[in-house]
Amino acid sequence: MADLNIKIKNLELKNPVLTASGTFGYGEEFEDFIDINKLGGIIVKGTTLEPRQGNPYPRMAETASGMLNAVGLQNKGVDVFINDIYPKIKKYNTNVIVNVSGSNIKEYVKTAEKINHLDKIPAIELNISCPNVKQGGMAFGTNAKSAAEVTKAVREVYKKTLIVKLSPNVTDITEIAKAVEAEGADSVSLINTLLGMAVDVNTQRPLLSTVTGGLSGPCVKPVALRMVWQVFNAVKIPVIGLGGIMNANDAIEFILAGATAIQIGTANFIDPQISIKIIKGIEKYLSERNISSINDLIGGLKMESA
Amino acid sequence: MTTKKQIQDFIVLNNKKINSDYFELELKAPVKLPEIFPAQFIEIHIENAKDTFLRRPISIHDIDYDKNTITLLIQIKGEGTKTLSKIEKDASLNIIYPLGNSFSIPDKKEKVLLVGGGCGSAPLLFLAKYLFNKNIIPYILIGGKSENDILKIENFGEYGNVFITTEDGSLGFKGIVTEHPLLKKEVEKHNISKIYTCGPEPMMKAIAKIANKNNIACEASLENMMACGIGACLCCVVETTSGNQRVCCDGPVFDVKNLKGWE
Amino acid sequence: MADLNIKIKNLELKNPVLTASGTFGYGEEFEDFIDINKLGGIIVKGTTLEPRQGNPYPRMAETASGMLNAVGLQNKGVDVFINDIYPKIKKYNTNVIVNVSGSNIKEYVKTAEKINHLDKIPAIELNISCPNVKQGGMAFGTNAKSAAEVTKAVREVYKKTLIVKLSPNVTDITEIAKAVEAEGADSVSLINTLLGMAVDVNTQRPLLSTVTGGLSGPCVKPVALRMVWQVFNAVKIPVIGLGGIMNANDAIEFILAGATAIQIGTANFIDPQISIKIIKGIEKYLSERNISSINDLIGGLKMESA
Amino acid sequence: MTTKKQIQDFIVLNNKKINSDYFELELKAPVKLPEIFPAQFIEIHIENAKDTFLRRPISIHDIDYDKNTITLLIQIKGEGTKTLSKIEKDASLNIIYPLGNSFSIPDKKEKVLLVGGGCGSAPLLFLAKYLFNKNIIPYILIGGKSENDILKIENFGEYGNVFITTEDGSLGFKGIVTEHPLLKKEVEKHNISKIYTCGPEPMMKAIAKIANKNNIACEASLENMMACGIGACLCCVVETTSGNQRVCCDGPVFDVKNLKGWE
């Protein structure tokens, strides 16, 4: 059987399949459907220093092969996470990674610092790309300088594996990737959602309370894949790819384009068992081609003409 | 409810057209059904429907433990429900179930009122039957734009005392549900101790207002745009006195006293 | 019947429906299917100073609710356009607009200058957003300074209505829109295609000869709509909206979000009669709501809460 | 061909499974069919097929002017063709037709050879019939991986002299078409003045090589990724001696001498 183990700095994954922040709750919501321990890891909902109520309803609209969300980082804050949620989920025999967000650098740093003390959290994913909050979030991720600043500040306090999650809403994503790499990010994950909008022609109102929201699902896959390939060719740290992955073939496209690991987001809503199916599908793909390790596939896109 | 959620392929036993807007699907479960409670719902994956990317939430309208089937009562709204309305016998439908909490069941001596409209009848008929089986005979007030929206009256009739309103007067009392004399007579005389409602939000809010004014307990089963249906995405929230709560798993049933903007 | 006439600077359109460059050939290809004269206008294929062969095959890949293309501005050059094509299409009783591209400012200027002399061409659309050419194209459209420069240079020689077509592959599209407005653009059209990519997992090769290509179709609509709304709120000149419009409701979403006119692109491939159907659909929408003129709908998105 | 292109809903008269990979659709036109020539194709809109956004180009395999029907021979490749394979009688299919140029028709005294593989048989059977009706009896060489890919041999037999190759030897000569003795015997002896080919590109290229070497005219019907099918998008080009040309309207048939990389 093919070897699916990969490593991202000190983070060891039994397979390259993670679940994306905001789409998998705290894992518990999926316990009825799959064995969480079989995943490479789970990335829990965006966590901030203080509790947040998120945006008003309506927060979701369906689009062609995708959806818009305007959840806006609703979460109970890092302290509740540490005291109430962490004790319940630290039992998982897989990597539990916390997605960290903030309105300013101080908030990012304080939150990361608190999580740094949690034994069973081997990594954080710095969310500098949330399009659904007024302050911070995407503002950090669409500017190389501020992306570098927040990464640098968090790097000083956070000692374990630091993943920075990039926004696709930029002219040149390689510039941002290189900036956070230079400040000590161990890995970059991409993409977060594309900023989009939808209108109800009957009411003549926006379908989201916030007018614009984050677009995800298969509709964004071509853009995500392109960015993963660009970033893979621009940085030395491992790239984690996501955006519209619905099946094993999609995952393999990302791995061929340069992703060391991949995340499953919106697909979890369509099929709560999809993450496990994708692990099996990747295994099958490798076996059928006698590829002994997933590592041999990463960035393996053949570029010479046929 | 702490019933384990399942994902399974159900088989279509029957697809019955009620009128141009509504149809009823009877689905056979592949395994023994767990106990299911009124207001719980399922998430259906509708394959090959244009522009239907996400699953669709539909209430459980009836359940037959002997036949091991559930029945759905569905209104054609867009592409998803239109495609479902054409599904043929023996086709299979992938379903996640049972989802959500349920209406709370009163004790025997209470007099309760069910108020519904349109496809809000779906969970209410299940509730009426459930109450009836517990020897509680509810008042049932069903409203709609016209005759076409008044569904399964005979069935409701088996389980309670039915009152009907239509806006165009084509059936029953002419007007909207809140104008029906029943509300004046029974509610305001405090004969009713609890109201259950499901239907369009403005209707439910109006009912809640009457209930609050008369100090009657009231539970509403809400709808919302849902992406996951299992509590993971936080898309489906409603504002409550204890913050934003998820309609799909903290609800769909809420005590209206806890809903902000429903005073 | 509702009045569908709109004006963009001196350009008068009998209705707000144009066909998008590169998706409608020179109109002739659609003559068997519709009466071209009923359209608000047609925008012909990207035209350059010299003839271009475009990119190698394969140039197209299907994606979820969309497609990638890597045509790369194949065209016979402006002189052949003027001598051979223009005489055939100037008969149309509608606005024939030329989409102009170039590798450097000089080429843009020379091409625009030549087209300025054509009586029956009332406007050009400056394509500073083609993702499928190595030089020029999108490079101009992803930078406010160069977008301004090329607009300024063309404005000096081009006297009729000047539309500038913007790229969505940017951090802040309002910045580019404002820059070209300041240099005299009479209108902006958006969006051109999003840069995307797709991989064949069987051959492990990119599906396009150029690896990356331009994404279009309903998958991009949420992004396009958001950008139209942002630009509408940022500039005073009329905005022309496009990106994934498949039916009249989609068109109305763009108009509500601020588009004065809209363009139909990829949808022409699915239904060559769609442009006419959309005109009829818009008419019906207005009639049903007793809106006497399309102008009353532009930017009419209701923002106060219900 | 300057036949006016049309867009219409055709009705499925018959959907016949040939084997696990191939099926045949007979479609009735809503208006009198114009004259259609071998190698012309249609663009089908496949509704409600997963991941099938664009139309699918399919060759016209047969035409019956009396019944006013066209027949398609289709190989199941992905979601689009899979969905088509399940389409039921009386369903309607939206179709743009007729598209593309056609094989050139030789004069009576010529001896011609048709070489096809897999669904390349689709336009070739139409061509064979067309030639037969003009009193030209072609040689026909059909190749495939195995028996399963050798389609409609009896029909081909009605119109010409059929030779078969399969890579696994399950039917006819064991090997690939270019190894078949017929090519040596007839082609290299210059008994054949023209070859028509349709099938996988490597096969067609090999045939073109043999034709070029022996100075025999050769026409190939190409495939390409198509978005519009009507010459508007420039997606489907092939490199020719006179620049990039569109397979959908300058082709699908090209004289192989004009194709770059086919020397």
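Letters A, B, C and D mark the chains as written, and numbering starts fresh at 1 in each.
By definition in this document, contacts are C-beta pairs under 8 Å (C-beta built on N, C-alpha and C of every residue); 3 or more make two chains touch, one makes a residue touch a chain.
Since the structure is predicted, the reported quantities are computational estimates derived from the model, not experimental observations.
Visitor: For chain B and chain C, what is the smallest step count along a path of chains that touch one another?
Guide: Shortest path length, in steps: 2.
Visitor: Please give the intersection of the contact partners of chain C with those of chain D.
Guide: Common contact partners of chain C and chain D, which must touch each of the two, are absent.
Visitor: Give, as an integer number of Å, the spacing between the C-alpha centres of chain D and chain A.
Guide: So the centre of chain A lies 47 Å away from the centre of chain D.
Visitor: If you average the Cα atoms of chain A and of chain C to get two centres, how far apart are those centres in Å?
Guide: Inter-chain centre distance comes to 33 Å.
Visitor: Which integer distance in Å separates the CA centroid of chain A from that of chain B?
Guide: 36
Visitor: Centroid of chain B to centroid of chain D, CA atoms only: how many Å?
Guide: 55
Visitor: Among the residues of chain C, which are close enough to touch at least two other chains?
Guide: Counting only residues that touch two or more other chains, chain C contributes 63-66, 217-218.
Visitor: Of all the residues in chain D, which ones touch at least 2 other chains?
Guide: Where chain D is concerned, no single residue meets two or more other chains.
Visitor: Taking chains as nodes and touches as edges, what kind of graph is this: line, ring, star, complete or other?
Guide: Contact map by chain: ring.
Visitor: Can you work out from the touch definition every pair of chains that touches here?
Guide: Those chain pairs satisfying the definition are A-B, A-C, B-D, C-D.
Visitor: Note which residues of chain A are touching chain C in the complex, please.
Guide: It comes out as residues 63-66, 68, 142-143, 169-172, 194-199, 201, 203-206, 209, 211-212, 215, 217-223, 225-226, 229, 244, 249, 252-253, 256-257, 285, 300-303, 305-306.
Visitor: State the interface residues of chain D toward chain B in the complex, per the touch definition above.
Guide: Against chain B, chain D makes touches at 47-50, 83.
Visitor: Can you list the residues on chain C that touch chain D in the complex?
Guide: Interface residues on the chain C side: 22-25, 29-30, 32-33, 45, 53-54, 56-67, 69, 71, 74, 217-218, 266, 268-273.
Visitor: In the complex formed with chain C, which residues of chain D make contact?
Guide: 4-7, 45, 51-55, 96, 224-239, 243-244
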